[in-house]
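Going by the order they are written in, the chains are A, B, C and D; count residues from 1 in each one.
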Amino acid sequence: MTTVAVVGYIIAFALFIVGLMGLTGPRTAVRGNWTAAVGMLVAIVATLLLPGMGNWWLIALGLVLGTVVGVPAARRVRMTAMPQMVALFNGVGGGAVALIAWAEFRDTAGYVAEPLHVAVASLFAALVGSVSFWGSLVAFGKLQELIATRPVTLGAVHRPLTAVALAAALAYVVVIAAGGTSGWLIVGVLLAAAFFGVLLVLPIGGADMPVVISLLNAATGLSAAAMGLALDNTALIVAGMLVGASGSILTNLMAKAMNRTLVSVLLGGFGGAAVAEADGPGTGGMVRTTGAADVAIQLAYANRVAVVPGYGMAVAQAQHAVREMADLLTGSGVEVYYAVHPVAGRMPGHMNVLLAEADVGYEALKDLEESNSLLPRTDVAVVIGANDVTNPAARTDASSPIYGMPVLSVDASRSVIVLKRSMGSGFAGVDNALFTDPRTSMLFGDAKESVASVVEELKAL
Amino acid sequence: MTTVAVVGYIIAFALFIVGLMGLTGPRTAVRGNWTAAVGMLVAIVATLLLPGMGNWWLIALGLVLGTVVGVPAARRVRMTAMPQMVALFNGVGGGAVALIAWAEFRDTAGYVAEPLHVAVASLFAALVGSVSFWGSLVAFGKLQELIATRPVTLGAVHRPLTAVALAAALAYVVVIAAGGTSGWLIVGVLLAAAFFGVLLVLPIGGADMPVVISLLNAATGLSAAAMGLALDNTALIVAGMLVGASGSILTNLMAKAMNRTLVSVLLGGFGGAAVAEADGPGTGGMVRTTGAADVAIQLAYANRVAVVPGYGMAVAQAQHAVREMADLLTGSGVEVYYAVHPVAGRMPGHMNVLLAEADVGYEALKDLEESNSLLPRTDVAVVIGANDVTNPAARTDASSPIYGMPVLSVDASRSVIVLKRSMGSGFAGVDNALFTDPRTSMLFGDAKESVASVVEELKAL
Amino acid sequence: MLLNNLAVLVLAGFVGFVVLSRVPNTLHTPLMSGTNAIHGIVLLGGLIVLGLGTEGVFNKILLVIAIAFGTVNVVGGFLVTDRMLGMFKEKPGRATRKEDDA
Amino acid sequence: MLLNNLAVLVLAGFVGFVVLSRVPNTLHTPLMSGTNAIHGIVLLGGLIVLGLGTEGVFNKILLVIAIAFGTVNVVGGFLVTDRMLGMFKEKPGRATRKEDDA
């Protein structure tokens, strides 16, 4: 590498690191993201300045194509669709690594003339890149609901088949590393890895998808680092490894927030095949319904009210109405707080994002622990489109698939009002005994409309 | 470098990093220290395995000499003398760098045959190593009270002289980098740097010494990294830079804990020449004295007592007696807490170390902020050998040299008892109006003896 | 060269590890998205292999796609992260809400 | 080679920087002492220059002293740090103190 390139790369990865450090703090995150973006620009320019660069038109074509596709996609995606967008972006990154490894193999006609470590690093990059590409596509399909969200398996042969796919990919790798030169060998690696990636992600439940995307994200990082070793490129090594390491930690943190281990995530999701069909109310208790006027009166005469938002609030985009309701209550002397579960919604921090959008102050947001110590001293808990994160079965029923997940103990408050459209189940597909609890009343309907009518009634009081 | 050496070095610096991470947490610190030590062993063995190593007897001589001197020194030093011991260890590290650079220069007869970056890195190492060696020796001398603790300067010529010394060192560096080969040139670098180091540290007050030692520590790290660049040795580069960077941050954190900036530390210490002579009680108020029996009664009838330890407790080794006193009071229903100032004593954490040695539980220790919110609701504050950290002038008197330092507001409590031997001043050499406050009584005498008599009286009550 | 690169690899791993050791729950998604954008660095691999010369039309097609993929990863990644983080920003009008007088 | 070493240097600097970003006050002194021991790595410089051959008695004397200095830095540093940290350790008998009954 030339001096210009190396110095540029050092500046670039320093910016990546500074940016990453920024991203870990709420106040510095926006700047951190742009710092990393500047680093990327520096790295690209330094590369284009390498002596002997050519094929400028093709390079420009690739860059323009990518920009034309990427920018509108990122601009237009709805907040609720962000996770699948991230999955897609991650996938194309992995795909790029796999394609580069493929082209390199064809260029050098196998790695016979290269040192062993170049062959090993390239093959690792090809394999992991392909797994990441196809795995991410499946994750995207699941989150976009193009594929069933529930765990999908091929039955008893699924796991053996997955193992065979991985073994086949590794076998091709060994043949190439031992001197194989046929162009079909690398295609074999890529295809076998593709099967492995698809089979790996298919049986994982949609609820675990963010963890899986994070894992694939780390994998793409590692494949980029391996590509860097093969190309002797410092920027790729550092940036790839940075993502590989930080992504691994992040995956772990996210799994922990859901009280899951990585292994249990990979071996099959929440609500495995056995419970996947429990859709209606199965606990058979009596369900009390209520109306907006009654709810308004109950809230107005409470001392302390908990708002428990969930995925349904996101779907209904009810956050602004919710804040209006809370403001009215606060204005008439009721203490209102938001009980925010870390995995409510469909991505970590989903509720925080929405509530922040509706201008709810940080002070009013209580995390899981705080909420659970406040709920027993709360008069009314208003559950807005949340389900799994309030399910008492997670605490009490060892046979439930969500047993052990920390939940908000809304059933500890004096009374509970649940706003949802039906008795349908949530993401995990399990029944919720909260709805038939004697202290619970249901207010059926779209969350936004229900909350709006409660607001009307409150104003009329 | 051979594969063995490089792999060994990678393992070694990984252990350094893991060790350093351990050292930042109270529970993992001991293990962290030994992890780093194992890393050092790996690095040394990997180096000794380099092909072509010789001069074994001389190497063994150096290693044995160092061990024979270092081990007993580290074993025997008293807790209160730890800071100067660290200064000494840091100094010899810097000295080693300077000597190696010197020997290398003589070996290659100047750096004419070497690439420029080797010359620059070696000369940087020589200069900074020498500054660190001599600066650390002066710091050692001050803390050991071989040299006056108070700021020492050569008057008006001091600063110009310091600048000349640095300029001379840099001039020699330039001459050598430009191709100078005479052996005296490198001696010139080392000597001029030595003068600079001595002149730099001499005018700094003893109170700022820990910050200066930390700064010199970071400097030695940087010189080691430079030496690594010159010798193309990864272990030196990584370990040196690790210390250079972490040491710089640490220096800053320590300066902040004393509410000082690095610049103000380097430009002359607490209690500069102007106030250095204020030794007796100058505020001229009335001083009330008291006896052990009265103190015991006052304490026994209090609801809440604050123990404020300072350097005098360390000198008197009174910590065990103090805990006994606190235990007696707690036993008879008095609430006792320890108000620990971050820079009480002579090193950060000095009080914590001593109190931990005396088995005082963590819960009873309150930091500066907590203490200051408790003190106004405290009946008796017992100040044991503390002085500067309780001086109200830091809050009220803008002309005081310690103005702006956060202090424990013991004068906010109902009554104050101060245990010390005389009306003498503390480290900063300034008067303390607390001693003449109408609510303060003095119990003169060695802290250990005074506390022991209070304990006797308490038992007799 | 390989060995020196290994040192770089290990150090970068430690940096990633240490930086992520303590992060608030709410930032998990933007962090995932931000690191995701950073591994768009693979774009450089495509630039190098294509730019420094490759044989055959098929290879060129592969690499143009790779560069396009890498670019999508980079620009899409940073933009989406920025949008997500935008939701967390303090809004100016918070202190004086209209609804309070309602 | 220099440039690759610079990359290593910068990364190591970041590691040191990030690791130290949040440390409790009380650990400052042991941390200073522990990092102090780590820069005893300069010992390696002495080993290499002396071990791989140097000319003249004076040089040999310089290097033996350098090795001795480095060794003092290493062994003394780690031992003193350990002693300091020993003072922080939880002692077993804390829960049941004799003096409590006095």
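Criterion: a residue touches a chain if its C-beta (ideal position, glycine included) is under 8 Å from a C-beta of that chain, and two chains touch if they have at least 3 such contacts.
Not measured: the values here are computed from a predicted model.
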Given the two chain pairs A-C and A-D, which is bridged by the higher number of C-beta pairs in contact?
A-C
Just the number, please: Cα centre separation of chain A and chain C in whole Å.
15
From the mean C-alpha coordinate of chain A to that of chain D, what's the distance rounded to whole Å?
42
Starting from the mean Cα coordinates of chain C and chain D, work out the distance between those two points in Å.
36
Whole-Å gap between the CA centroids of chain A and chain B
47
Would you mind listing the residues of chain D that make contact with two or more other chains?
1, 4-5, 7-8, 11-12, 14-15, 18-19, 22
Sequence positions of chain B contacting 2 or more other chains
13, 17, 21, 234, 238
Chain pairs that touch, all of them, please.
A-C, A-D, B-C, B-D, C-D
Considering only the defined contacts, which chain A positions touch chain C in the complex?
13, 16-17, 19-21, 23-26, 29-30, 32-34, 36-37, 40, 43-44, 47-48, 50, 52-56, 58-59, 61-63, 65-67, 69-71, 73-75, 77, 79, 82-83, 85-86, 88-90, 92-93, 95-97, 99-100, 102-104, 106-107, 115, 117, 210, 213-214, 217, 220-221, 223-225, 227-229, 231-250, 253-254, 257, 323-324, 327-328, 331, 342, 347-350, 352-354, 356-357, 359, 361, 367, 459
Chain D partner contacts - residues on chain C that touch it in the complex:
1, 4-5, 7-8, 11-12, 14-15, 18-19, 22
If you look only at chain A, which of its residues touch chain D in the complex?
1, 3, 6-7, 9-10, 13-14, 17, 21, 234, 238
Touching residues of chain D toward chain B in the complex: what are they?
1-2, 5, 8-9, 12-17, 19-56, 58-60, 62-89, 91, 93-94, 97, 99-100, 102
Which positions of chain C touch chain B when the two form their complex?
3-4, 6-7, 10-11, 14, 18
